[in-house]
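Chains: A, B, C, D and E, in written order; residue numbering restarts at 1 for each.
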């Protein structure tokens, strides 16, 4: 094995030797440099493999003396791992920078090589002064690399950088020399043993050392210089600084922390959290891509710093957490900066240029999701473990702050992603992409997935996870260039096979899960069927759609909280991409994502607290929680309620559902929302028996009732058909929340029955209306009218859908109302119950508006020749209608087994079944009988009337009213716009967009805050130097007080 | 107003470093590390009369390597940073006395520099000081003969050769000695004599050459900017 | 010993005086020379403190070479300023 | 099976009785309204004449399938309500088909006819019908709220949602009637009834005396006949519902006629006295006074 | 003596920082930086001093055997050597930057280099 010290030999030797190379032979020099970095990398990789296979950590002595008398280096698993990371980054970064380096000449190539070498040494060295020297090497090399691509800005940034790091280095040197004075040694390990923090002067010396290293990690707010560097230097260099330098310096902090006392852990935590939140807050206001990445990079390092500060809590989990987040940041940030170099446009709105090369867009999305911590990437596991450990140790404030910071990060990252996906790119110039610029990000993109896979292998709770769906999605992605109908078929077949495998066992064992699985998978297959109506490739649709379904399937099959959360996040990611596909979906996709992230964090915190209480991830262990019940229940409920779009958390839904594509709306409405219901149901059956949760349930009940009322009222005042249906979904989910919150047998049964029904009729309505919209080209109902003549299939589907939805007998909706009445009376929630029932009646307003405005009334001239809806939409719709008919005529087929299942948890006040007759605690209901009675009556009356009027003459609509004289402007005769004006006058105040206004105000405040705080970064390098010194002083005074 | 704020910070910083000054009691005897280096058996192991040189070249040789690379980096960065500045030379006549003196002094200064770094293990001074003297000689020539182009290639070769030798000797220590930068790869010689201390004089000489070349390079780069307007 | 102490006090005071001059002297040339003088007297202090190696280095590098570089840069900046007829009075800053 | 056939027969007979009683009551109300307004009014048999005339009209115009289905829905709604409503307590046969569903079924089946009617009228393409429907629906939603509260109140009171059980619980003297045992709920419900029957002041929807506005605008001939049939049946059944819930039900047809007449008369009486409301006025009104009374009714029984 | 050196060093450090933080001229800031460095070097040398010690060079006056009792600490001196050279490198580089910045904007006022902010 080659001694690791030869990393220095190779690095410096080659750098020196490059002086011989002819100045013109730049290709040769660049190749030599890459070979040298490759060799350095080979050494570290060789050591990494050896150490992983159990080799001992080695100390490398110099000068023939043992430490502490001479400088020594160390090569342990940490060092091997990190040097490998750095050398890989160096190799790929060097490759990426090939043109720039060659342009700048041999000297620049030398500087780059020495830079990488220096990073290796600061990782390996165990001597404080040697550390200082090589940190200087790195910082001078950095200053040189900043001006690799020389612009006015980069020179300024370089000067600011030198000024700040100069002060930092001076302080570090002072600290080191005094540490030497007090301990008589320069070796870090001996310094740690000497424990000089007990001395008054010694503690100051330690402070100076540690603060300077913290400052090198760019803590907020003393980091203006670093941000300028990220923004102004060549993106390839920024990538190196963010990935390689930051990684190395982080390890330095880790190493040097040994000399500190435990007070420092608090300081680190505070400094880290401040940075994490501060930078991410300022990122919100930032529109320049590279500076934004700088904020994100600084923020991530802050998080890592805080994690280090939490070492006493995290214990032996520290390494796993820090490594996963560090590696994620390393891969993602390098990748993003590299992409920034390819895009060559610093305005994040112009990143839509990535769409010229879809692979780049995929990479971009991947890296952003890595940063946020989505599965299956390493950071997901790291954040999960971090939260679990924090909550186990009752560090709730830190936990909350970490989640807050991550959320702020999500705001700007997803806004950016939205721009990249949705903004116009036709006007932007072509990307010029060299092979050497594309290889590094692609490689890192692949590595992220590989790293994610290996990380998941380290997590025992995920050992049962089935990776086949994910592989299937990857496969679908690779055939993305095929026509849509092929992919559609493959997707349907795949889902059918999966459903065939998981549904039967669930039917046997777990009726609740079976119902949801059937909705998710069956609904998925049906909605995908509609996809045949789309021509062309439909690039990117199938992977994300399947991702959502895979996430949903994981949720169903999850047995522990980690699996559940894994599925939940996958589902969120998939649905986000589905939603944002819509033409005007950019803002809605963003708000969906933000609510989802916030909700996911609430869930995460809830799971963390439950883990703290029970010590296990098992989902059923939720039932055994004895402490913090209120908080856990509330957090989880809020998390799930972001998906069910309860009042206050609903503002994302209307836009997201309305602007989505025609077959996506049913996916995200009829199917996706049930994930939240499933979560709430799990929560209630496990935790509903406590007195505390019953109190929350009471609040949730009112919330559900209000949601139903507001949702329905708002739906009644919509002019946009899909928006109307979206508000209707909010209201329906309000009923479900209300029913669930009752936490009684009938409540749960109602909720389940409503879920099934909502799935059926909302899928019908969204599919049909979506198909109609595809034909007529507008969402606005007042622009349609009279379509019954052209679209009888659609009309019948909508008619049945609205009858089912409204709860009018004999269709299935009535069963829901009946159950609801009984449940309300049995529970005693009369007033909120009345509110729910009242809002159920309001539903008639919008249902009538929907069917009347679209299909009835006067026909518009421009729509005289539209065709009926696509057969591919009609097929799933009519299958769903058959479902409605079955469930209406034979409700006992579903309700009886469900009731038996629910009786496990809530045996009281169950329904008694006698054939088709259900007898509840208050009333009785025979779905079957009503269906037959009404059916016979209806048919006979229809026949009778037909007999009497069979000679009726078909007349045109104008013939009677206007005596066959069409008015001048026929469109004015379709009374549809704002038809509930009177109602609006009386009740419109309820649906005044106060909640939207509330969130808008919140957003505005955050933006103003960010705007205010970022005045700190005035651009004056001197001011930044003052901040650096002030930071040190503040830390000192914090320490002594 | 801003200065008052800055002053407050500075005063606070002063308060912060006051404990350092306050707890400084001077040294009554050598600290542990220095004491170890001064022990006769350890002195003879390195066999360099100048203990500072011993520390600089062997015990803390890696620092020196880093330091050399810093100068190297500085030279390289300044080279590519300022390289686009070459242009017309603005010739200025120097007095004859000055130019003659420079001609005479230049070889003497070079010899002095070489002497300083070659005796670094015996007398005060060493690679850095010697290198600095060489660089001063170069400055002298630059001032005296601003129009004469400097052979930067030579400087650069000198720099590279000495760098490679330094690194090579260091690596040789790891290969055949007891560790990187072990000076015992060459015979230690007699204490206090010119040929002593193993590889120390050689290493220090090359450090001197390298530092001299690098400093000269930096100066030449600045000068070339200078003369271009 | 006493003699050395007096020397060091004297040197210390001179260093501080030159430091002050370096910071507040309006004439940049004088400021740079003062900086060099600070280095020079610091090297005197090093000699007193039994550090001849450091003294040599500081004298040659700290006060010699770096002063030279300062002058080069100053010269260059001045020549640029002269070219631009409107001279920005940087030194007053 | 035999019993089932017999039940069918009795139900159809009941339907006939209810239809004629409804027509008669309608005529009586018009008459009363006219006399109060110092007019002579229609002859008592006018509704029968209208009905026969409409059914007999030969020319018949249709706008399409939904236009035709609208009246079918409407009449099905009316007859369905009749079917699911117990008429005379004490006889298995006059209970109709109420064993298939309870009060909730009645509550929601009301909408069946309305919805169909709205759709049928919608296809006519007449702007006025759309206006009428939107007004009708708007008003109806708020009418339902106090009614729902009243029903919840009596469901708590009698611990059941079964109409038959509610009626049975009120037997044994008029002091057992809900109107005396639970007067607040009764008031709320009776205020709702005014709206349910769409009489003045809540009759903007059909506005009978002015230019043809409202859902039935485009209907005529046999279609209009069906609608008139339904109107007759529906009014009686609605009155019967209130009778069952609040006034002790009926144990024989005489009691039935008497009680339904008085309940119906109540709405006419109010209509004669008060002027018509605009929609937003009536919506607001229902969400003020009756709502508060309804909430009170529930709170009293909580 | 070493106290004086230490005290002087500390004061020079503060003075250098003051110059860095308040002077507006780039060259002056770099001068401040240079002073800051010199101050640190003074502190280092002061720490290396042993009362009554001689230079750590073993020659006829100081023989090997009693070296440990007579010399001053060579370690900080070695560190200072390194630090001085590093300081020169940084100073030179900063000057090069300052020169370029002046070329770009024609001024040395640090307040005029605010192209990057927020």
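In this text, a residue touches a chain if its C-beta (ideal position, glycine included) is under 8 Å from a C-beta of that chain, and two chains touch if they have at least 3 such contacts.
These numbers were taken from a predicted model, which means no experiment stands behind them.
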Which chains are shared contacts of chain A and chain E?
B
Going from chain D to chain E via touching chains takes a minimum number of steps equal to 2
Of the pairs B-E and A-B, which shows more C-beta pairs in contact?
A-B
Which chain has its C-alpha centre farthest away from the C-alpha centre of chain B?
D
Argmin over chains of |mean CA - global mean CA| returns A
By mean C-alpha position, what chain is farthest away from chain C?
D
Between chain B and chain C, what distance separates the C-alpha centroids? Give it in angstrom.
20
On a C-alpha centroid basis, what's the spacing between chain C and chain E, in Å?
12
Cα centroid separation, chain A vs chain C, in Å, comes to 58
Once you find the CA centre of chain B and the CA centre of chain D, what distance in Å lies between them?
107
For chain B, give me the residues that contact two or more of the other chains.
6, 9-10, 13, 17, 20, 24, 31, 33, 37, 50, 52, 59-60, 63, 66-67, 70, 73-74, 77, 81, 124, 126, 128, 215, 218, 222, 225
Residues of chain A that touch two or more other chains: which are they?
129, 133, 136, 140, 143-144, 147, 174, 178, 180-181, 186, 1026, 1029
Sort out which chains touch which and give me every pair.
A-B, A-D, A-E, B-C, B-E, C-E
Contacting residues of chain E [partner chain A, same complex]:
13, 17, 20-21, 24, 26, 29, 33, 36-37, 40, 43-44, 47, 75-76, 79, 82-83, 86, 89-90, 93-94, 97-98, 100-101, 104-105, 110-111, 113-118
Chain A contacts chain D in the complex at 786, 788-789, 792, 795, 799, 802-803, 806-809, 814, 817-818, 821-822, 824-825, 828, 830-831, 833-834, 837-838, 841-842, 844-845, 847-849, 851-852, 855-859, 922-926, 929-930, 933-934, 937-938, 941-942, 945-946, 948-949, 951-955, 957-961, 973-976, 979-980, 982-983, 985-987
Once bound in the complex, which stretches of chain B touch chain C?
50, 52-53, 116, 124-126, 128-129, 132-133, 135-136, 139, 215, 218-219, 222-223, 225-226, 229
Chain A-touching residues of chain D, taken from the complex the two chains share:
55, 58-66, 68-69, 71-73, 75-76, 79-80, 83-84, 97, 99-105, 108-109, 111-112, 114-115, 118-119, 122-127, 130-131, 133-135, 137-138, 140-142, 144-145, 148-149, 152-153, 155-156, 159-162, 218, 221-223, 226, 278-280, 283-284, 287, 294-295, 298-299, 301-302
Spell out the residues on chain A that touch chain E in their complex, using ranges where they run on.
129, 133, 136, 140, 143-144, 147, 152-153, 155-160, 162-163, 166-167, 169-170, 173-174, 177-178, 180-181, 186, 224, 227-228, 231-232, 282, 285-286, 291, 1014-1015, 1017-1022, 1025-1026, 1029
